[in-house]
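Working notes for the structure below.
By written order: A, B, C and D. Residues from 1 in each chain.
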């Protein structure tokens, strides 16, 4: 019988398993950082973490609070500039990035700029792109880890802050974004989504244990296809949970969030 | 009665006197370096020297052999990159530069690329621009210090490596070079030349002691105007010569060259 | 150049390299003593209607003393580069919407109103949702590129970001095809701030600076700014700088004022010096929820405060700062 | 983009950012041990018909061991970035016009054939006047900008240099007007060398590098190059690098080979280590005047030499290197 786990722990494990050894990941604080740290301690010891403010391959003593705080380059091999990190992405040397947002659409486009009203008088002003648009434009594979609900998974964004597949097949290339880049997986508390190779629309890739397709569709504000055969997400192993709880996040900063 | 001096000593003194205190000068090895060091030890203690390879405000223990050797940033305030130095010029923060060349024309354009033949088979291949074209494009005032003869002062260059006033009034601006920049003085073993405000052509500004206008014109391969009233160059003072010989160039690396 | 598409956003600063040169030709470049108080530096170098930019990364290596002094000196109607802006932006927003100021008139937005994982600033949201501050959208990298263009002395630089998004549509960038390869790029106009403030670890009296840890966009910002105020943890002798010129990252001729402000990034983190004061940042976020409470909070922590040392005293003084030093070095974790 | 004027020079490398990305996506980026001999590094990473670039400043911090090994391994027909190139270029030219090689097929020229105040290289002149090496003209800054464009991952960058000259006419640059200001700029195509070699003070086994003194164009070159060979004065433990990450200037993922070569910049200068051997450089210049003499000189100093340590031995060995250390620190001047 398997060890009990919470949704956050499952999401982190799902993300960690998708990070291949010897690759580079531009990560932020929280889940991405936890996922990368877990991957390093399991199947991907040579996974390299980069932080947008300039930290390269740090040995994190604890979860950073900010992508720019001193933890983000603790015992790093280099502490450099934001431009150096972003240009490493622009040269094509960064494989993964993790992003979030208040809204995501069927093509994996993200909104972190505003909700409601108009541009001059938004109902809610959000931070804006930060480095998200840059990382989503320049890294090879985009991961999104987020909670799954209809307010977040919408047919039409209030503002397209950060590029997913934009309007669909060929749209990124047409806009001038580097070929071969784009959204890869969306990991939520209900399921893992991938993108249809033809339509570039989000599709259910695997359902978390005990979750039905109907539940996922009910929590999604747009038509959601299915990748056949629809798999069930592997639950976290006791080993993953032990490392996550004892080594990666002993203070439960991230895994304690739900 | 005045101390005896040689032509090199006179040229260095002429150059040094034209460097104002509190200004910046992108200098090379040899005469420019000696002139800047002399200026710092006389009227311009706050003159700042920059070397193209990255040295900022060094305290030179001896003449550098190369603009990139370790002397060029000995006890400097910063050792940086070539781009940082050139971009400081491009931003408009560098007042003076010193250049030379195998040929100079009436508009102060310089050739340091080739002599004779054609581009593919030159009779003599020379180094090319190096940083000269950049410094002549981006610094405010260009000085040339050189020996004066008809092979060097020519009506038409074999190759226009480095911009002076190009084809005359307005030509630099027309080409896109920053307004307000350009050739300022040419200092030779015979005279000091400046440029006519209207025509942008070289003109005799002052004759060195004992030199006649006829001599200068005989040594020049193009028609050379005169700035009236034609002055006589002030000879080096005993004080200048003492500093030059005892402090700036005790080993006579530069002043021993003639 | 043949423009394929163009953002609708406004430019809040002049990208002309020639007009910047006309300013820089007059800028003093001698090695002279620039040490002064923050009050004097802000008074002399930050003027009403200036375009202002601030260094560091939101809650890390920020020039807090300069930001507080801007509020104390009253209306500036600044345009601001909202680049990785978290607590720094939160401070400036306190000068709007509360009967003083306005401190902010326009913002180039890459990241604002948030404090990363700490949450959103209620007051910054009020200010930015009111419509009283003009906005143009960018990203962390493209704003950094705009500083880099100015630092290089060119009117624009290309980047492959922002393409195809509403972020681009609300920016002032323009898309062209590379004349060598046909690859589409966004051209970013140079951003020459009228004035910038950067907090560093060490500087000499002339303004030669050393920074440890990530430099974010500060090396380009220092060169891009027409005027530059440096606050430093420690003034060091000029001779120390000359002993190891490889460690200098900002040269003196970029700098107009050098202010020694120990713990000057508080409540932010200063790498290798002290960690951020998360309790104090939580108090800010809490106080902002109610306008009256926030007004009183600002009176206690900024307007009614003599100088930055006084502010530090009110926030727990040396004993609190000692704790934050222990946190920075993880001594509280037994390291 | 609307091209106002255009150089006639040839491009010897591909400025495409997308094709560079297709290479870099495959480039290993794990922290793995890359220590190997210069012979192995040159054999594995410098191929016939490659575009090659070399770091430092002509006679300062140059990767001499790599340059000698290129000659020893025979024909490479390289394209080369002649950027501040003095003794380094002089070495490569020795592979042309003497019955071996050719080592050089094409050169992007900013500075070649000269050794600054030391004079012109007779043999480099012979090679470059023969017409057997294809040429395009640039300048020290614009070649550095071409590396910077590649390092940034964009296909071009603008600069305000070369305008209006024959240098421009024989370059591959193009002039456009800035779409924001109308200011004319020269667009420089990105230069991604197939391979570069850079000599540094210290590196760890993974390729994280430290440089003291001026960096010239090497930080951009390291990022621009598809493959990178590092030679270092000293290998240091990876833990030393992590103790002070602010001192790292080239990150490991740019690097393919790390070769420990003490005195590796000889006969060039290595800042804070040893000064240039001006006597040896004079011998080179003298030997070049006569082809037969030069052939014998090369046999003695390169072709007949086992490795770089053997070369150092033939040039006076440790006692000479000790003198050069004293010169670097001016001890011979009583400092």
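Here is the rule we go by: a residue touches a chain if its C-beta (ideal position, glycine included) is under 8 Å from a C-beta of that chain, and two chains touch if they have at least 3 such contacts.
This structure is a prediction, so every number in the text was calculated from the model and none was measured.
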| item | value |
| --- | --- |
| Centroid distance [mean C-alpha coordinates] between chain D and chain A, Å | 40 |
| Approximate Å spacing (C-alpha centroids) for the pair chain C, chain D | 38 |
| Centroid distance [mean C-alpha coordinates] between chain B and chain A, Å | 58 |
| Interface hub residues of chain D, defined as touching at least two other chains | 17-18, 152-154, 159-160, 183, 185, 212-213, 245-246 |
| Of all residues in chain B, the ones touching two or more other chains | 55, 73, 79-80, 83, 90, 138, 178 |
| Chain-level touch network, classified as line, ring, star, complete or other | other |
| Touching pairs among all chains present in the structure | A-C, A-D, B-C, B-D, C-D |
| Touching residues (chain side chain A, partner chain C) in the complex | 29-30, 51-55, 61-62, 65-70, 72-73, 79-83, 86, 90, 109, 113, 117, 119-134, 137-138, 157, 159-163, 166, 171-172, 174-178 |
| Partner chain D, residues of chain A touching it in the complex | 21-24, 46, 48, 55-57, 59, 73, 75-80, 83, 87-93, 95, 138, 140, 178-180 |
| Chain C residues touching chain D - in the complex, by the definition given at the top | 1-3, 11, 15-18, 152-160, 174, 176-181, 183, 185, 187, 189-190, 211-213, 245-246 |
| Footprint of chain A on chain C - complex, ascending | 56-60, 82, 84, 86, 109-114, 116-118, 120, 125, 128-131, 135, 137-142, 144-145, 148, 159-167, 170, 175, 183-186, 212-220, 269, 271-272, 275-276, 278, 328, 330, 333, 335 |
| Chain B partner contacts - residues on chain C that touch it in the complex | 17-18, 20-25, 27-32, 150-154, 204, 206, 208, 223, 238, 241-243, 245-246, 248, 251-253 |
